[in-house]
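Working notes for the structure below.
Going by the order they are written in, the chains are A, B, C, D and E; count residues from 1 in each one.
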Amino acid sequence: LEPVKIGMITTLSTKAGYLGEEIRDGFQLAIDQEGGKLGGISVELLVDDDGRKPEKAKQIADRFIKRDKVKILTGIVFSNVAIAVVPKVVRQDVIYVSANAGPSLLAGKGCHKNYFNVAYQNDNIDEVVGKYVNDSGFKKVYLLAPNYPAGKDHLNGFKRYYQGDITGEVYTKLGQSDYAAEIAALRAAGPDAVYFFLPGGMGINFLKQYAQAGLNQTIPVFGPAFSFDERLLQAVKDAALGVKNGSQWSHDLDNPANRQFVAAFRQTYGRTPTLYASQGYDAARLLGSALKQVNGDVSDLGALREAIRKADFDTVRGKFAFSANQHPIQDIYIREVVKAADGTYTNRTVKAVFKDHSNVYVEQCKMK
Amino acid sequence: MLLFIEQLLNGLQLGIMLFLMSAGLTLVFGIMQVINLAHGSFYMIGAYVGATVAARTGSFLLGLLAALPASALAGMLVEALVLRRLYKKEHLDQVLATFGLIMFFNELTRILWGRQPLFMDVPPWLSGSVEIIPGVPYPSYRIAVISVGIIVAVLLYLLFTRTRLGMQIRAGASNREMAAALGVNIRLLYTLVFGLGTLLAGLAGVMAGPILAVEAGMGESVLILTFVVIVIGGIGSIRGALVGALLVGMVDTLGRAFLPTLLRTVFSAAYADGVAASLASMSVYILMAVILVWRPRGLLPGAN
Amino acid sequence: MQIPLARFPNRRTIIVAAAALLLLALPPIAQMIDEVYLVTLFSRILIYALAAVSLDLMLGLGGMVSLGHAAFFGIGAYVVCISSFHSLENLPFLTWPIVVGGSENGLVVWPAAVAISAVAAAVVGALSLRTTGMHFIMITLAFAQMLYYFFVSLEAYGGDDGISLFARNTFPGLDLASDVQFYYLCLGALAVFLFFSFRLAAARFGMVVKGCRENERRMKSLGFPTFRYRLVCFVIAGAGAGLAGALIANQTEYVSPGLMHWTRSGEILVMVLLGGMGTLFGPVLGAMALLLAEEILSIYTEHWMVYLGPFLVFVVLFAKRGIYGWIAGGNSTHG
Amino acid sequence: MAKPLLTVDSLVKHFGAVTASDGFSMEIAEGELHALIGPNGAGKTTALNQLCGELLPDGGRIFFNGKEITRRSIHRRARLGLARSYQITSIFERLTVRENLSLAIQAHNGHSFRFWRKAVDDPVIRPAIGPAMERVGLEERAEIPASHLSHGEKRQLEVGMALVGQPKLLLLDEPYAGMGPGGAVELTKLIRRLKTEVTILLVEHDMGAVFSLADRITVLVYGKAIASGTPQAIRNDPEVRQAYLGNEGNRCFA
Amino acid sequence: MLCVEHIETFYGKSQALFGVDLCIREGEVVTLLGRNGMGKSTTVRSIMGLTPIRSGRIAFGKKEIHRLPSYAIARSGIGLVPEGRQIFPNLTVRENMTATATNRLNVPVPYTLETVLALFPRLADRLNHLGNQLSGGEQQMLAVVRALMTNPRLLILDEATEGLAPLIRKEIWQGMATLKANGHAILVIDKNLDALMNLADRHCIMENGRVVWRGTTDELAADEGLKSRYLGV
């Protein structure tokens, strides 16, 4: 039997290249553990770098579908790339399983029966922090995000569960490096907590400068997991210590699948996996479970879809099910950045804030 | 009022930091007239080498000491292998070649150092803060950056206007052939000056390391800003670069800090914030466009 | 320019003819060897080639180095996507004094895309052409970056996330949803624009623009109002980029501000230089070489840039006047 | 004396502390060859620059053919019939000699917003190009890029381009510079022929040429016209002798 | 002192010099004459290493210099006043003079800023102007001064009096005479035949990249046909 081809379009170059690397490594690990198979079916993983450019990603998708006759795609890191690629490919009778990006458009109005998200809906990660900050009794929060729609979406996610005052809501330039002005204004506003969504290098810059201004001692910072994954933390170190952040996964979650995954990942790649790696791994295992049910036959798309929707696999998150718009229903946690015994920086799970949490876009989704 | 002064200081600080970054480019681009898009790569090399050595040895100073020769050597190597053959060709050939170099260096760092950002910390002896203005603690490290920037400015100014070496470099920039025919070893001189330029880029990289993310591709975001600074100031003059840098630093900082408040007096809060954020993102470019429309050669153009 | 077309079958004509034949025959060949994705890949290449040729018109011919050309490319693309968005949502752009609604008809939208890019180019050009040299490069960059940040924060049309085109534009007599028909449309557009550019370069107008490139001061003292000629050249180039943008929006069925980022302008510039500046046909080869190299290298190695970078350097050092100059040999510029 | 074609009325131009034109006035009559001479740095090129519009004067006025042109743009002055050649060669280096000249022809034949017909086939340019090349003696170099010409040949092209448009007033800034002795003789012949067709303002340090060609001479010193008159009068003017000529005028022509 | 033996020089593919021979002895003034485009400046450029020769040999003193880079040739003691001035436009007058000034051969009475300014007082009040702000003639003076201040043993003047007022031109010729008297060798290209006849010892006439005639001033003066044949006067 021919191996089932899976196309992975992901970002390996540019500053964000490590995100794609994590997803790919997690996915690959699942395949390697079965000796080149998923769910007992041999698979072939095709990986290509989209350079974070939507049209390039589309080009790759086109090649995967037309040339390699791929029926299953995955791997896109960024929401805008996903928005560009996914609607077109799912209409071409291809299954897309998102291992990271979960834009609201694809969860709501743009949902599709061939589109599955195994990671999260973007807002989830902010909602959990909003709830936690709210429940912990902070009354005045200062918000910070880049000036683009995703920035506003993420802050809205936070505000959905946070009921206190907002002393400031600042939108910074996309890709900004110096935050001295924002930090000065923030200090003057005198909030009792700060929530920021600044992905990638912007977050590193902010955290470092925030700590250098001495504010991390006085005003606690909260953020989504994106600025606190285990690889970024090695670049921020002390400046992030003690920061609470929201995530659907952490390497110390206590379930057998996770223990096994973290150990295997560390052994293979010599580093602690990040949430992206866990998502890649879960995506692979999810597909494995489905391939097993259809016996490696991807020609019957309906059957394959059904099999995926069952989500009959041991997720590293402990519990996992698909909601009506085919996004995860899962527990979401607050983690804290700590220094591990070996001197590296990592996250420790504080508590599960949401149990079996879905997303607000389910209502908008009229699945066809 | 205190906040305003603090923001002015922040603007000054950003300006000087930008100057530090543009200083090397002023040499290479403003004076030697070589368009080196890969300048940001040397900034990155400086930061990576600095961060690596600092992490191994635990000493920021050792990191600095390693980064400077590393970026200078890398620069001289590139000059000798590639750019030297391009002085006589058109500027655009330099653009193409150095664009290729950016790709190469970015990917090379990814191969050598991996894809994730590196860590670099403020040295302990600069980690405190000082109250220059009572009530406004200011990070000592940033004051160190300002000082280094000013020292570099003064030294460069002296080098170019007061020494024969500086004159010969400028002479070579306008007419290599004549400079050679009058006995200047222009080839060696250019290699050295290029090395000095990349050394300054490396210096800026190391200095930025503790404040900014050290990651592959960090050079490009700085690169455009430094080009903006130089063009606003006027190509070919160190003074211009300094003025341009301060102006950009001020406009950027003050725009971010006070535009929302200002616009709120006219528009509704949400709308004002949106507009202010967009305007603040564009402020530097608006500034550049206005200045160039008003003075097509920049504020203090060097002679040419 | 008068020389290459006059002496008939020389190396240059052979190259152009060979490339034209190859491009014409590509879809059936792709069908035959079962690599139909090549058709979409090459339509993308053709579109970028069109953008690169338009840049070469002002760069090679007029000596105006712009690092903001992608702005017009992006505007063209946005016109298509926004217009289709309005048409789908049934939202008019304007209700007063006349009602202007969206459209999905290529015959309406594309001329609009070209016109709007041309207007934008006229404004940017009028302000930028006061400067020269490096300053010109930077001021065009500044305007492009302004537009970039403008679209990044333009929430109504998706901001940084971009905006999707629900379906390709309609076009009488053609079904653009068919990749092959779309491909031929792109090929046609490129061919027409190239031919127009060749004529333009050899015509009086082209001569004047070349003169301005060489020595603007002298042109003035000869009695030419140089600003006007350079501005018109800038506008034509911007309009060409706008057309390319309208096509790319249809090809990708999506547009985002990333299309206008300076790195994109840089890539288009690199295509021109790689192919051979001032040759008009060279940029087509340049676009082909750069995009194919990216595509092929990235299949074999994830570190493809480590190879592509030195390749560009190599071209600069050893291929005089880009790829076209290299294979066509001799004096292959048009000026 | 014929009616003045060009009237310059007390031009003033400062460059910082330097006053390059200091109330400079003169008149050029239609049809004459007027020479402007003076020591180095006297302000001759600056005066020409103001006449052709590359510099705007700080004070004073310029009339050409009865119209005030003090603040008109360069290309509009050129259209009125003012042409110049540059002291420092200023040609289109990467274009061929033919293209250089054809641009000069285009300039004087309507607008060039013609996008389709090839310039070489243009009915206006085609017939004019041959004679133009002949006139400057560069027929054999027609297809050579101007950058490949020798210094002297470039000078010939430089002057040639100014002549092509059949201007009313031709401003020649040191056309003899770089001409070999033979070339100088040729150029003198050329200018003598031109004299019959066009009014010329000649700036030149070659006194042989000036005294043999000029109808009238104005002497400029420190931005002021100190003398103006026939060659004979100028040659004998003691002030001019002291400031500029030394005894050269005598040696050549006495 | 300078010996040019059968050099051939190309611009790209086109040959400009076809075996030029030329010799200048200590303290001698030699001219290169010829119509426009005959290869005079190319010869100079070849000597200076600006356009390297394809074959032949150039020796200066005891050293072979044709394989040296330009700066080394200049340092061995040759000063150049190039055609078309070529001063540094972005340097001030003072900087133009001092940037390359030396006395590397330890001339006992070197040209210094003071001495040359005395020679050209016009430049003295322009010291802080930029090169490109000078008038044509002032630039030409500067080019001469710049070469003098490298204190060369051999001075090459390529159309050095172009654009100079008669009085200044005379000064320059006088200056050359002084140099010659001090034992400097000079290679001149100039169109001012009268002045050259007074100054020079020997002459070479070039045509189409070859030296077609050489001889002393007296021989040149004697042969009127020569001038009309090769120089067109």
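We take it that a contact is a pair of C-beta atoms (placed from the backbone, for glycine too) under 8 Å apart; a residue touches a chain by one contact, two chains touch by 3 or more.
Labels paired with UniProt names: B, C = Branched-chain amino acid ABC transporter permease; D, E = ABC transporter ATP-binding protein.
The shown structure was predicted, so the numbers you read here are calculated from the model rather than taken from an experiment.
S.K.: Among the remaining chains, which ones contact both subunit C and subunit E?
M.R.: Common neighbours, subunit C/subunit E: B, D.
S.K.: Which chains make contact with subunit A and with subunit E at once?
M.R.: A chain counts here if it touches both subunit A and subunit E, which gives B.
S.K.: Centre to centre, using CA atoms, which chain is the farthest one from subunit B?
M.R.: D
S.K.: Using CA atom averages as chain centres, what separation in Å is found between subunit B and subunit D?
M.R.: Here the centre of subunit D sits 47 Å away from the centre of subunit B.
S.K.: Go ahead and note the Å separation of the Cα centroids belonging to subunit D and subunit E.
M.R.: Roughly 28 Å separates the two chain centres.
S.K.: How many Å are there between the centre of subunit A and the centre of subunit D, using C-alpha atoms for each centre?
M.R.: Measuring from centre to centre gives 74 Å for this pair.
S.K.: How many angstrom lie between the centres of subunit A and subunit C, each centre taken as the mean Cα position?
M.R.: Result: the chain centres lie 36 Å from each other.
S.K.: So which stretches of subunit B touch two or more other chains?
M.R.: Counting only residues that touch two or more other chains, subunit B contributes 106-107, 110, 274, 277-278, 281.
S.K.: Going through subunit A residue by residue, note those that touch at least 2 other chains and give them in order.
M.R.: 12-13, 147, 171, 173-174
S.K.: Spell out, as numbers or ranges, the residues of subunit D touching 2 or more other chains.
M.R.: none
S.K.: Go through the chains and record each pair that touches.
M.R.: Contact pairs between chains: A-B, A-C, B-C, B-E, C-D, D-E.
S.K.: Using the touch definition up top, name the residues of subunit C that touch subunit D in the complex.
M.R.: 1-2, 196, 199-200, 202-208, 210-211, 214-215, 217-226, 229, 232, 335
S.K.: Once bound in the complex, which stretches of subunit B touch subunit E?
M.R.: Per the stated touch rule, the residues are 164, 167-168, 170-171, 173-175, 177-187, 236, 302-304.
S.K.: Given the complex with subunit A, which residues does subunit C contribute to the contact?
M.R.: So the residues of subunit C in touch with subunit A come to 35-37, 40-41, 44, 149, 152-153, 155, 158-162, 164, 248, 251-254, 256, 258-259, 294-295, 298-299, 302, 304-305.
S.K.: Of all residues in subunit E, which touch subunit D in the complex?
M.R.: By the definition above, subunit E touches subunit D via 11, 14, 34-38, 41, 83-85, 122, 126, 129, 133-138, 140-141, 159, 162-170, 191, 193, 227, 231-233.
S.K.: How about subunit E: which of its residues touch subunit B in the complex?
M.R.: 48-50, 69-75, 79-80, 82, 86-91, 95-96, 98-100, 102, 104, 130-132, 146-147, 150
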